[in-house]
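Right, I'll just put the structure down here and ask away after.
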Amino acid sequence: MTDALALADDALIAAQRLAEWCSRGPELEEDIALANIALDQLGTARLLLTHAGQENGRTEDDLAFLRTDREFRNCLLVELPDGDFAVTMVKLLFLAAYQKPLYESLSEDGELGPIAAKAVKESTYHLDHAKLWTIRLGDGTEESHRRAQAAVDDLWPYTHELFEPPFDPLRTTWLETVQTTLEEATLTRPEDRWRPTGGRSGVHTEHLSLLLAEMQVLHRAHPGATW
Amino acid sequence: PTGALHFDELIAAEQKIEPRDWMPDAYRKTLIRQIAQHAHSEIIGMQPEGNWISRAPTLKRKAILLAKVQDEAGHGLYLYAAAETLGINRDELVEMLVSGRQKYSSIFNYPTLTWADIGAIGWLVDGAAIVNQVPLCRCSYGPYARAMIRICKEESFHQRQGYEILYTLSHGTAGQKAMAQDAVDRWWYPSLAMFGPPDGDSTHSEQSMAWKIKRFSNDDLRQKFVDMCVPQAEILDLKLPDPDLHWNAEEGRHHYTQPDYTELMRVIKGDGPCNRQRMAHRRRAHDDGAWVREAAAAYAKKKAAA
Amino acid sequence: MTDALALADDALIAAQRLAEWCSRGPELEEDIALANIALDQLGTARLLLTHAGQENGRTEDDLAFLRTDREFRNCLLVELPDGDFAVTMVKLLFLAAYQKPLYESLSEDGELGPIAAKAVKESTYHLDHAKLWTIRLGDGTEESHRRAQAAVDDLWPYTHELFEPPFDPLRTTWLETVQTTLEEATLTRPEDRWRPTGGRSGVHTEHLSLLLAEMQVLHRAHPGATW
Amino acid sequence: PTGALHFDELIAAEQKIEPRDWMPDAYRKTLIRQIAQHAHSEIIGMQPEGNWISRAPTLKRKAILLAKVQDEAGHGLYLYAAAETLGINRDELVEMLVSGRQKYSSIFNYPTLTWADIGAIGWLVDGAAIVNQVPLCRCSYGPYARAMIRICKEESFHQRQGYEILYTLSHGTAGQKAMAQDAVDRWWYPSLAMFGPPDGDSTHSEQSMAWKIKRFSNDDLRQKFVDMCVPQAEILDLKLPDPDLHWNAEEGRHHYTQPDYTELMRVIKGDGPCNRQRMAHRRRAHDDGAWVREAAAAYAKKKAAA
């Protein structure tokens, strides 16, 4: 079930990045909202990892804490560092606009159906939240517009990886959602040119192994322990 | 004044004072100070625990810890809202935190060095907070009392989770057990100090008792906390780091060594291990977020005008 | 030999922090200089760790990679994050002004003598380099003065830990060196008030365990491997 | 002009051109471009290897790696100095790197994913660099040739260290061996591409050969590299990821699969995996260092005035 693993890793790494905002948000309400979204992603990751590990008798924690970056299957988008709040929100916009239709299509799936159905509801909320902020930032002040546009420009290339076959049909829906939001945010859609890829086959950016070093340090330091 | 009469009657009758009621200025100020300090403590308290979210040893523990830190942000929100009913707004309160004019609980100026500290904070720090806060659910000021009811419920949940972390560690590998004992060794006295200076040296206590904001003295609450912890430590199979701790059958309570109050005063004054770090973190988050808040305000203004 | 271990850990953690500058220095010459100083500190750390490990049959790598932060004995000063170049240089000034007379006094020591003698020469260079930059930054532009003074103010409290007994006699020499430099740099010596401590007994700041998570990740991931 | 005559004579006689000698403008420009690109490559090349200094698996390896990356900074310095003899200054060169107007070797736009990549870079990337650079020690421009002699000595030392890392890994645990193989799989074709496009497509080659800046064609050097690597890979007990690689006895050389030159062009144009990251890192370091350089300049000016 490589597919479940890829989705699980997307959610897990997204959760890890989002949780970095904890106690650092621009306002208290946003601290709470980001933690909520991180918790949703983490919850979905746990269900998907448990599912993915079943056939090999591996637990969610085996998969989360005992794989190297070369074994992770997440898209590059989620592992990129969150420079500022605009990067975080635009990244979430791109991710949620992808996760929502993807989970919708999977909610018909026999095995993953129940997990996906729960995730659909959550990603609807994530998408709304990210849209709202993208619009506020894009159409807010000059500085917020500049930062939001820079985030869009920097992250756009990484969205192509989400729609590599067999997921290419999802891009139509994704583009619709994203374009509408960018327009309302007075932000410009970048050209499609550079298409970095590799995450699904375990060839990541230099950022992921550093993220995992921190995430896994305690678990790995005590092999076989119960927590 | 009739207002004052009414106020005294309400207090005497164990009735709640509500925002629209007349109240003495000093009562209002005391409450603002106390509620704000409590709110700030929740916000700053996110940092020591937040320090371990990225490294939590299992996904389940990560989720629990993240949810707990999120709850603290929520408590901060309720409490700021309660303070706002007294005629001060949140921006002013945040400004007072960031500028250092208002304090937060000194306990959060200690570092979280290992995962076991997350357990110790849950068990001891949240435990002490609960002992402190349960009586506040009967506080004379309505909005504060109601916020505390909600908070106490969640805190007792957090305390159980902390206890459970320590229990798992102390019944785990030798390394885990040592980690748990080490955390309890470091957090015990700072937790005792959370109840404030001894009654003789406590400045605000008497008036607060009269106003029924405070219900028990610092020393009474501290004693209650010790009496509660001793049997729990036994089940945890962890030692409280006090060789003089023993049951005094005559007095029907535990005898224990007092925390170092000079250290407490030093930490309150700003010289704890992490005061500067916590404040710098808070200030940086506040400053880094300024452009976001400005954008949100500018956007809201545009929409309101349209 | 707790003392050797404390000195070794000072040098090792200082090296790890200095090496973070690699490819990030303000100019190419400084990249080279900082790497040089990091290499010196690392070299001394290796000799001292080897020495410290002898009695328990532990290698330099056992001690560097298999201890937790609670077992490290370095002073807090060296583990603090290097915010900007001013922090790095002022930290190096404080450290080298301490290491130089310390190594001088140890160079008479039978066991540590040869290691200390080599380190004396190196720390003389480190001290010169740090003095030069502290003076340039302090007496440079308005901005560099502001940053240098902020670094001095932030780091000063952490220097008290270096002179806890039995090392208190060293402070006279240290103060002379540092004061002369600060004066020439037009920087103000802060008051002696806060005295954070704990490093020598393994009670560190929250920064050290994160530094070690990264430093040790690879070594720990392959127990018993040869590299 | 007599200058031109003299220049041609020097070139024909295998003598060195020195900074004070007359030289054609195009010769000067070609050299500036090539030396600058080489210097920039050393500077950007610090990043992929620098990525593993903090995580090196032993202290000895950490020291070796740190010293190596430091050497690269040193190479950058020699080369900038060599370029300066051609009448351009370092600030201009740095500006051309940071603004993206001058290039650096595309190989550094690939990420270092594991420790074994440090070995593979040493063995393959430094190996390819040496094959490229040894003939440059006989380059017609004196300062460049002399810089290359010094650099080649250090590079061959680096290459041995990289080889040794891979040897240790491939003779270590199964996990280490897999890590080494994976690194070679990822670095082989990019290393082949370091020699540039095939001779037919190489734009500057012919003139550079005539000027004795370049001594061998891209394809000749690539072949030399392959012939050198094959027996080394055998000792390393690692497979080069080319199923068609075999000894062609008739031609007395290895037949091998060409790297993907479309990919090479894409990376050169800016669309490699790490181009943006490397440039952003370099720019950030440059910008973050501005206040330091300004302070040094201001201080020097004060002292000069005093």
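Every chain is named by a letter (A, B, C and D) in the order it is written, and numbering of its residues begins at 1.
Quick note on the criterion: a contact is a pair of C-beta atoms (placed from the backbone, for glycine too) under 8 Å apart; a residue touches a chain by one contact, two chains touch by 3 or more.
Nothing here was measured: the structure is a model prediction, and the numbers come from that model.
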Contacting subunit A as well as subunit C are chains B, D
Per the C-alpha means, the centres of subunit B and subunit C lie apart by a whole-Å value of 36
Between subunit B and subunit D, the Cα-mean centres are separated in Å by 58
Chain centres from averaged Cα atoms put subunit C and subunit D apart, in whole Å, by 34
Shared-interface residues of subunit C (touching two or more other chains) are 68, 213-214, 217
Among all residues of subunit D, those touching at least two other chains are 55
Among line, ring, star, complete and other, the chain contact graph is other
In contact, pair by pair, are chains A-B, A-C, A-D, B-C, C-D
Given the complex, residues on subunit B that touch subunit A span 43, 46-47, 50, 53-63, 66-67, 69-70, 73-74, 76-77, 80, 115, 165, 168-169, 172-173, 175-176, 281, 284-285, 288-296, 298-299, 302
In their shared complex, subunit B is touched by residues of subunit C numbered 68-70, 154, 193-194, 196, 198, 203-206, 209, 213
Contacts from subunit B onto subunit C in the complex sit at residues 48, 51, 55, 111-114, 182, 186, 270-271, 273-274, 276-277
Listed in rising order, subunit A residues that touch subunit B in their complex are 12, 16, 19-20, 22-32, 35-36, 38-39, 42-43, 45-46, 49, 60-61, 64-65, 84-85, 135-137, 139-141, 143-144, 147, 214-215, 217-219, 222, 225-227
Residue positions on subunit C within touch of subunit A in the complex are 68, 210, 213-214, 216-217, 220-221
